[in-house]
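Below, each structure is written out as structure tokens.
Presented sequentially are two complexes of chain A, the first with chain B as partner and the second with chain C.
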Partner chain A sequence: MLSYLLFSVTIGGIYALLSLALNLAWGGAGLVNLGLAGFFGIGAYATALATGAGAPLAIGLVVAMAAGVLAGLAITGLTLRLRDDYLAIVTLGFGEIVRLVALNERWLTNGADGMSGILAPGKAALGVAGFNQAWAAGVTLLVILVWLLLRRLDQSPFGRALRAVREDQELAGFAGKPVLRLKYQAFALSAAVAALAGALYAHFQSYISPDHFQPLITIYIFLAVTAGGIGRPVGAVLGAYCVVAFLEATRFLAAVVPGIEAVQVAALREALVGLSLLLVLHLRPKGILPERIPPAPKAPS
Partner chain B sequence: MTASFADLSRRSLLATAALAPLVLPRILRAEGQGPLRIAALSPLTGAGGTYGPAMVKAIRAVVEEANKAGGILGRPVELVAEDDQTNPEAAVRAARKLIDVDRVAAICGVWASSVAAAVAPLCWESGTFMMATAGADALTALPHRGFFARTQPNTTLQGKKFGEFALSQGAKKIVMLSPQTPFAQSQYENIAAAVKPAGGTAELLIYDDKKPSYRTEVQQALRGRPDAIVLGGYLPDTTVLVKDLLRAGFTGTRIAFAYSVNQKLIESVPADTVEGIFTIAPSPAEGSPAWKHMASIAGTDSPDPYSTQSYDQANLLLLAMQAAGTASGTAIRDTLRKVSQAPGGTKVGSITEGLAALKAGQAINYEGASGPCDFTESGDIIDCQFRYEQVKSGKLTLLRIA
Partner chain C sequence: MVETALPADRASAPLPGNAGGAPAVLKVAAVTRRFFGVAALDGVGFAVPAGRITGLIGPNGAGKSTLLNVVSGLLRPDAGQVRFEGDDVTGMKPHRLAARGLTRTFQIARGFPKMSVFQHLMLYGPRQPGERLLQAPMWSRAARDREAELAERALAIAGRLRLSPLLDAPVTALSGGQKKLVEIGRTLMAEPRMILLDEPMAGVNPSLGAEIAAHLQALNAEGISLCLVEHDMALIRQLCHHVVVMAEGRTLVTGSFDEVVENAEVQEAYLGRRH
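Here is the complex of A and B:
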């Protein structure tokens, strides 16, 4: 049971990093990124390849984040004229492209068989139980670190300028904000955090395959950010842990419902996820911890 | 109102989290004397959602039959079913719960190759035995220390059967046309290996599966005047390909997977296009005692290959634990081959027969609904029956099951 809880905490942490990434681009700059699973995958494959070639964990994580930044910059460059729904569709396409490349470029990614035996730092030295504890602690620390950084960023002039772009990019440009540069920076940073989450997942699980990066995980992260509160880092983190706790708790809840088959339990779980999202949106449309917008300072009279 | 909801949701979450540890002591106490648990981790939603429910049903039927026969090692058997959502990420979370909370001795009914590859490390690290219906060659090559076995023939075996069949049709020069699939390369290599001793040759041509015409590919394939063409694609591209083959005047042997050249394809193209094509597919051991028994308890006339395999997996796991005298993954690993293929053992095809034979002190050789269920050291099945059919006047006609 303990190792199951620790495992759930680690997965919750990885979801939290993804939520923070999404919150930065979507909540901060209003850039809807439905290709989150693609950046997650890029990070996972980048570190798997780097550490597979003999690099240590730290280099693997840096390579993953660098790959994320490059992909983020490329996507922003390609989608400069797109906003909202159109951007969402293109990024969704990007996520699928990453998956298809991973599936077909067998020489690089081993295709549909996936990459197994990825470096799991500490597993040999600490044993399975120690490894679980160390990773739960390590990932949680990283979540706190990234959260503090992004909160700082959120409250800085950079964060305020991003919000201005989100609310009205013409007006922000008119007010002298470098809209283009802000978009590039926000999206690249967001992609780097998502890639970091992917890299951590790859090392934690030791196995990745194209199937891991189906859009399912993107949907869960949107659920997390929506439920937690768009535009507030702590909301995104809380939302992510809630989603993992909820997904796991429904296993136990649905299993005690008498007289239903396994397939109905599975359907019930999915229905509960949908129902909970509806409830959150109905009762707390801005999420559990909504964005706080400080009042404009009073003009000196 | 809104404020109280925030409290409520946090409270209910906490309550849920608090509930889990309350359940825990009961589980721990149960170990060793209470019910022994096995798990079904099958796709109940997602791409595999059409197969999973029947697989879980078959496994549950075996567990119920075992309990009616007095349980395993005198203990009742409990089945824990989880949905793998046909997604390795979700499947790993489900597997962790099965292993850490339910402490199952074994996980069976794993369907997708990617899911099996993701879950397998958790199983061998925790000493949980795992059985899958996934076919990717790489699975049994994982360092699983014996904790993995599968009832689905791998691509090596399927490729071998294709090659041998082509030889039996008198073909020496074989070309395989296939889109990029996880098994194309290995399928081809094993066809080549199968025909080589008889002086045959094989060639592989990969095509893009979204093209409206394959005339250039067909020309390229026919350049070396092959006697046989293996169609490795799926339904949509194979539909186009068979037409182009006819147009190019190819009259040799055509061999295809039964899932691509099926009744739907045959009805959608002119009759002469598909006349004479051979199809090959892994076959359940139709008509065997185990198959008949499985069909009757599953309540269907034609159980699909995956549910017959799941039935066999559950039987093998339970019989292995009974024969070992211990309910654990390690015990299953060490005893599986003693119940699946004991030389000269009594042939059994159901849990009731198996338990009776074991209690009478006999060695047993399980002959399942999906096939003989004999395993190699690495966990592959040694042989399995294949179903050979041919399109004759617009209908698939059974040639033989062998």
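Here is the complex of A and C:
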């Protein structure tokens, strides 16, 4: 039971990183990124390939984030004229392309069989229980670090300029803000954080396959950010842990609801996820911890 | 003295005496812009004297708004040139123009819905190093000092425009007139040398209109050149040293208010030809 909890904490941390990534692009700059699973996958495969070639964990994580940045810059460049629904559709397509490439380019990714035996640092030395503890602590620490960094960005003049781009990018230009640079930076940084989450996932599971990067993950993360409070990093983190807790809790449905089979449990879980999103949007449309307007300093009297 | 139908290549010629011989801060020469074959601007050219208030008038469809969009960098002209303080700024992006000191306001007050009045003012502050991604998380000394400077200016401007009680209100909570004041305030934060105003009085009640007019005159007295598109002729007469009349995408007449209203071509453009 303890290892199951630790496993959930680690997965919750990975979801929290993804939520922070989405909150930066979507909550910060208004760039709807439905391709989050794609960046997640790019990070996972990048570090699997790098560490598979003999690189240590740290290099693997750096390679994953660099790959995320490059993919983020490329997607921003390709979608400069798109916003809202159109950007969402194109990025959704991008996420699927990443998954299909991973599925079909067998020479690189081993196709549907996935890549196994990915470097799992500490597993041999610490044993399974120690490994789970160390990763739960390490991932949680990273979540705190990334959260502090992104919160600081959010409250800085950079975050303010980004918000202006989110609300009205044309007007942001007249306010003297370099809209293109801000979009590139926000999206690339967001992609790097998502790729970092993917890399951590790959090392933690030590096995990845295209099935792990289904668009459903993106939907869960959108649910997390919406529930937690879009536009506020701490809301994204809280939302992510809530979603993971919710998803894990519903595994035990079969024991509670009599007379249903395993397949029906799975279907019921999805239905409950949808229902919970509706409930959150109905009861707290701005999320549990909504975006705040920082107060102006008091005039010296 | 009225200069009629200023040809494009003479746009940079010395202005008539009513401009007071002030050098031009903005010169528009032979600017053409077509939308699907229809020329909204058809070789328009004129100069805006520095340190003055210039009115840009003309009947609906004359191309005033398109011209403002071209000058402010929203639209690229198909042909022609825009010079600001002597430099060619044709087709330059709005944020680069803002950095040079050329900003604009909008006919329908626009804002960032989820940002407060104070954030609007701060946003327009130029040269904030904290807007760079690499400096933002560090919150460098330079960025913090600049933020404090901007905050001080923002509070002063809010006081001047009597917006102080509304500093923390989201702009969506403001009345139409208050939005106009915020628009003026945030434009001031940008430290402009020239402001293009698109119908600053549209939809504003007379007493607030008078207040805005007084603010505009005060800004001009500080040396900021203003160019305003406006339909309210009484206001143009009261404020503008110099008037440019546009019709059908071209400059029709330039001169003082009294001169242009006496002009037969202007009367024809507004009222139609007498048969």
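Throughout what follows, the second predicted complex is superposed on the first by the 292 of 301 C-alpha atoms of A that agree within 3 Å, B and C clash if a C-alpha of one lies under 4 Å from a C-alpha of the other, contacts with A are read in each partner's own complex, and residues count from 1 in each chain.
Criterion: a residue touches a chain if its C-beta (ideal position, glycine included) is under 8 Å from a C-beta of that chain, and two chains touch if they have at least 3 such contacts.
Every value quoted in this text rests on a predicted model; they were computed, and no experiment measured them.
Chemist: After the chain A overlay, clash or fit between chain B and chain C?
Modeler: fit
Chemist: Quick check on the superposed pair: does A:A53 touch chain B, chain C, both, or neither? Answer first, second, both or neither.
Modeler: After superposition on chain A, A:A53 lies in contact with neither partner.
Chemist: Kindly classify A:R269 by the partners it touches after superposition: chain B alone (first), chain C alone (second), both, or neither?
Modeler: first
Chemist: In the overlay, answer first, second, both or neither for which of chain B and chain C A:P157 touches.
Modeler: Only chain C is touched by A:P157; chain B is not.
Chemist: Tell me which partner A:L171 touches in the superposition: chain B (first), chain C (second), both or neither.
Modeler: Only chain C; A:L171 stays clear of chain B.
Chemist: More residues of chain A are touched by which chain, chain B or chain C?
Modeler: Residues of chain A touched, chain B against chain C: more for B.
Chemist: After the superposition on A, what does A:N104 contact: first (chain B), second (chain C), both or neither?
Modeler: first
Chemist: Given the superposition on chain A, what is the angle at the CA centre of chain A with arms to the CA centres of chain B and chain C, as a multiple of 10 degrees?
Modeler: 140
Chemist: Identify the partner contact of A:E291: answer first if only chain B is touched, second if only chain C is, both if each is, neither if none is.
Modeler: The answer is second: A:E291 touches chain C but not chain B.
Chemist: Once the structures are superposed on A, label A:V179 by its partner contacts, choosing first (chain B), second (chain C), both or neither.
Modeler: In the superposition, A:V179 touches chain C alone.
Chemist: How far apart, in Å, are the nearest Cα atoms of chain B and chain C after the overlay?
Modeler: 20
Chemist: After overlaying the two complexes on chain A, where does the chain B footprint on chain A coincide with the chain C footprint?
Modeler: none
Chemist: Enumerate the contact residues on chain B facing chain A in the complex.
Modeler: 1-2, 5-6, 9, 13, 16-17, 19-21, 23-24, 27, 40, 42, 44-45, 52-53, 56-57, 60, 81-83, 85, 87-90, 92-94, 96-97, 99-101, 112-115, 117-118, 121, 125-126, 136-138, 142-143, 180-182, 185
Chemist: Show me the residue ranges of chain A that touch chain B in the complex, using the header's touch definition.
Modeler: Against chain B, the touching part of chain A is residues 1-5, 7-8, 11, 103-104, 106, 111-114, 116-117, 128, 205-207, 209-212, 214, 216-217, 242, 245-249, 251-253, 261-263, 265-267, 269-270, 280, 283-284, 288.
Chemist: What residues of chain C sit close enough to touch chain A in their complex?
Modeler: 72-74, 93-95, 98-99, 103-104, 106, 110-116, 118-119, 122-124, 126, 128, 130-133, 135-137, 139, 143, 147, 151, 154-155, 159, 164, 167-168, 170, 186, 190
Chemist: Can you list the chain A residues touching chain C in their complex?
Modeler: Spelled out, the residues of chain A in touch with chain C are 149, 152-153, 156-161, 163-164, 167-168, 170-179, 185, 189, 231, 291, 293-297, 299.
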